[in-house]
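Presented below are the structures under discussion, each in the form of structure tokens.
In what follows, chain A forms one complex with chain B and a second complex with chain C.
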Partner chain A sequence: MFTPKTGPELWLYIAGALLVSGVLVTSLQLVPGRLRKPLIALVTFLAGLFYIAEFFLPVDPTTRANFLTDYRAPIAQVNQVLLSFAVGVGVYSLLTLHTKNIVRRRQGWGFSVLLLAAMFGILVTGLLKEYRPNPINQAAFSLFFDGGLKSLDAAMFSIVAFYIVSAAYRAFRARSVEATILLVSASLVMLGQVSLGQGLTAGLPTSGFLSNLRVENIREWILTRASTPALLAVELGLGLGALSTSIRLWLSLERGSYFEKDV
Partner chain B sequence: MGKWMHDIDRRWLYLLLFLAVALPMLFPSKGGSAVILPETQSFYDTVERVAADPKRRDKLVLLVANFSASTATENLNQYESAMRHVMRHRLKFAIVSFADPQGRELGQQTADKLASQFGYQYGRDYVNWGFKTGDIALNVKALARDIPGTIGKDIKGTPLGQIPVMQGVRGVDDIGLVVETASADTLEYWLAYFRAAGDEPVPLLFSCTAVMAVEAYPFLRSGQIQGMLNGLKGAGEYETLLQSPGFATQVSPSLSWAHFVILFLIALGNLSLFLSRRRAGSRGGA
Partner chain C sequence: MDHATPFARVFLLGLFAVIVGMVLWAQSGKRFFIRRIPGLSAIDEAVGRSAEMGRPMLASFGLGGLNAQEGVITLQALAIVSDVAEAAARFGNRVIVPVRIPALMPVAEEALREAYTRGGRPEAFQLDDLMFLSDRQFAYAAGVSGLINREKVASIFLFGTFFAEALIIAENGNRVGAVQVAGTPSTTQVPFFIAACDYVLIGDEFYAATAYLTRQPTLLGAIVGQDIGKAVLLFFILLGVVLTALNVPLVVNLFADQAVPWAEMLRPVAPAAGAGG
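And then the complex of A and B:
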């Protein structure tokens, strides 16, 4: 429906978008306090109404579409743009908080310096790699992304394994019948998951009745037969809960500290 | 003895796990039997089926990289093997990420690594749509109807309509296969809004971290997903099927021993509980 713009036309569209956004934001600021909540409720209702109407309205059998269907992509793009603002807000928030830490020499201000240096480092090298691709810029980005972010991210997540070990020892106890069933099931699934565990019953035949006792088949049975109905029940409950919460949000009926704040 | 077991310093447990992971890497061995789990086999078979299907093999394969470096040990190895498999059959593919901005880069790095080996060229044989922020449900729902309209431009800033590999690709009916590699709960968006939105259901494959796999088994059993790679173990099995052993195969013994250490500690913890209960019982009796 809308095609990507390039060259002068693109700049014209950007200028137009900025102008319209400026007028819109200024107008919103002028809205009296008592009218702000109804306005938010109206926008929320209309946004939700689009997807509900688009889903329930009959479609043309040949095109499998109704008059709203072609607006899905532009609305998804609007959503992408709106969410992109959150990145800007996040960066602004980080900058102000950590700059204050550094200026006021608060405890741990050195970490703030490191955070800002890393943030700008990966931002600048990332942009240079995209728009001025050469071996130096690519190596500089790789230093931050592969040498820094990737390694630190992986290291952080791998630490979880050590907590699991500690928890397995201290918390995974057969204190009741239910806990014992859980413990035995989990142990069998773990054994069936890895080659050493599978090796324990490798001597059993691969077909016939005795094959059911192979640990990987027991694991398969637990995962696909025993736990599936329970999972489906949980999913159904979650789905119904999500539906009721969504309807309350859509109709602005949700109450609580966040929703009752003045805007 | 029960008290000693109860008061054991957690650092000994950490050391035990560290040795269980490190020693098999330092002193590699065969690592026991290599049973291919049914979900891995069906993952492999589905790619083979798509490649052999004249109706599907010319369509675009979506390699969705919804993960970050934190789960790269599992997800990146799965993703690399899936891309290798797709390239081996010379299928056209697109890289995209909806859940994590790192997916864009990790997907491209994987393509850069394999492209020269298989003679793949950016734009002609594959494309990177990049990371698309926003609500995943809205993006995936829009994608089913209008791919160029939802994505706009690729990572190089070229409108999708001008990229050779994207010629004729409009919506879900032009997609031959979706391979979702994820560290987050994103599979259901493809099931709800994409897989069955076209003339025929699109084959959907899922590769995920081991902790997420349990939640996907109902979809595997119902036939909504055609195959699954379960964590690092699944990646290792897939490498075996592809006859292309890599990192996942290499660390498989470490994974096995780590599981055994955890099982051993669970048993030890329960023995400690049993002994302390018996002690308390005998005191009560006295």
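And then the complex of A and C:
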């Protein structure tokens, strides 16, 4: 729908957007306090109305779209742009917190030094790699990103395997009827998943009544007849809960917690 | 389903009317009952324990942001954490809130400041306790785990969208002996929370939490509305089971992703080519 702009036209658009944003922000600041809440409710309603109308309005059978469908992508992009402005808020939070840690020599302040050094290191090398691409800058960025960040990410992810073992050990202790059912079901699923477990009942026929007692068939039954329906029931409740909460938020009917705060 | 089929239009608008109707009925003075939810009753216990031990609490909104898919979940999580913070303020506790999405920072700051004010101790709110850690999943998990271990938190509240980091955080909480209450619509993470946490909100209990904690008529009305919706869906499921067993695909066609012409609603499904035995 919108084509990318380049050259002077791009700068004209940026200047125009800044001007419009400035006027909008100033106007919002001038809105009297008693009108701010109705204004927020109106904007929320209109924003939600777009998606609801786009979903409910009949579509052209050939294009499977209505007159609002083309605007979905640009509106989603506007949303992304607005949210990305908040990155600065995160950076500010990191800077203030860790600078305070260093200045006040709080316990573990050395880690704050390391964090800020890494943050600026990856920022500078990232910019250099993008705007002054050469082997040294690319290697410097790779040192931070591939050698540091990605490896640390992978290390944290690998820890999950150990935590699964410790959590499973606690969950599988047969302390109650429910825990015993869980233990037995989980053991059968695990046995049915691996060839070693399947070997235990390999002597049973593959068809007929007795085939139901083969461990891989028991595993299949538990997963498809017990686990999946229960999961679907939970998801049905979640879907209705999300719908109900969305309606409350959309119509500004939400009460309690921070929703009744004066703005 | 990208767009509503004719049946979905009628069905969803009907659900919408029921939920809004119940909210308006509740606002006009009708009192609704909500059953006890152990996970939410445990919040006061966890807050009290934290006060007795003189250790802080930690609350996380998970990885969810404010986009279309996760926005409702995150706002609901924020509302629950806000109620937890209010209880914490009454007991004079610190609540550490590590955040993964920068856009949440100003919203969470306002919510927590307001919660401490409602709790009668606005001066107890410390801005340093609300912190952005990282928008990367495992960096966030490492940061939260570090906080749990360094601060030796007494209670942990995990509400919102969680993925593989759920177990890392919850197991660290378990290691330091914290009372943990968790609630997430991410069904794949619920088993991990059940294994590692003391109390878990399952399914739509997550969305009922604010109604339970605040007893606001509007919220209770919405819960009743969604329960009526659940009963209607249950009726259609049972009807679908019976009719499908009789080879009448009415319910399957009504709830299909693509609109089925009304004339073909009752036409039995032909056996798939090659199906036998």
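Observations, loosely collected:
Please note the rule applied: the second predicted complex is superposed on the first by the 218 of 263 C-alpha atoms of A that agree within 3 Å, B and C clash if a C-alpha of one lies under 4 Å from a C-alpha of the other, contacts with A are read in each partner's own complex, and residues count from 1 in each chain.
In this text, a contact is a pair of C-beta atoms (placed from the backbone, for glycine too) under 8 Å apart; a residue touches a chain by one contact, two chains touch by 3 or more.
No experiment lies behind these values; they were computed from the predicted model shown.
When the shared chain is aligned, chain B and chain C each come close enough to touch A:Ala76.
Contacts of A:Val59 after superposition on the shared chain: chain C is touched, whereas chain B is not. Contacts of A:Leu249 after superposition: chain C is touched, whereas chain B is not reached. By the touch criterion defined above, A:Thr224 reaches chain B but does not reach chain C. With both structures placed on the common chain, the touch criterion links A:Ser21 to neither chain B nor chain C. In the superposed model, A:Val87 lies in contact with both chain B and chain C. Contacts of A:Asp153 after superposition on the shared chain: both chain B and chain C are touched. In the superposition on chain A, contact is made by A:Ile164 with both chain B and chain C. Touch criterion met: A:Gly199 reaches chain B, while chain C stays clear of it. Shared interface residues of chain A, touching chain B in one complex and chain C in the other, are 76, 79-80, 83, 87, 149, 153, 156-157, 164, 166, 168, 170, 231, 235. On the chain A side of its complex with chain C, the touching residues are 51, 54-57, 59, 64, 66, 76, 79-80, 83, 86-91, 93-94, 97, 100, 107-108, 149, 152-153, 156-157, 159-160, 163-164, 166-168, 170-171, 231, 233-238, 240-249, 251, 253-259, 261.
Contacts from chain C toward chain A in the complex involve residues 2-4, 9, 12-13, 15-16, 19-20, 23, 65-68, 72-73, 75-76, 78-80, 82-83, 99, 101-106, 110-111, 114-115, 128, 130-132, 135-139, 141-142, 150, 164-165, 167-168, 170-171, 174, 185, 187, 190-192, 194-196, 202-204, 206-208, 210, 213-214, 216-219, 222-223, 225-226, 229-230, 233. Residues of chain A that touch chain B in their complex: 1-4, 6, 65, 69-70, 72-77, 79-80, 82-84, 87, 130, 145, 149-151, 153-154, 156-158, 161-162, 164-166, 168-170, 172-175, 183, 187, 190-191, 193-199, 202, 216, 220, 223-224, 227-228, 231-232, 235.
Chain B contributes residues 8, 10, 13-14, 16-17, 21, 31-35, 37-38, 68-73, 102, 105, 132-135, 138-139, 141-143, 145-146, 149-150, 152-153, 155, 159, 161, 210, 214-215, 217-218, 220-221, 230, 233, 252-253, 255-263, 265-266, 268-270, 273 to its touches with chain A in the complex.
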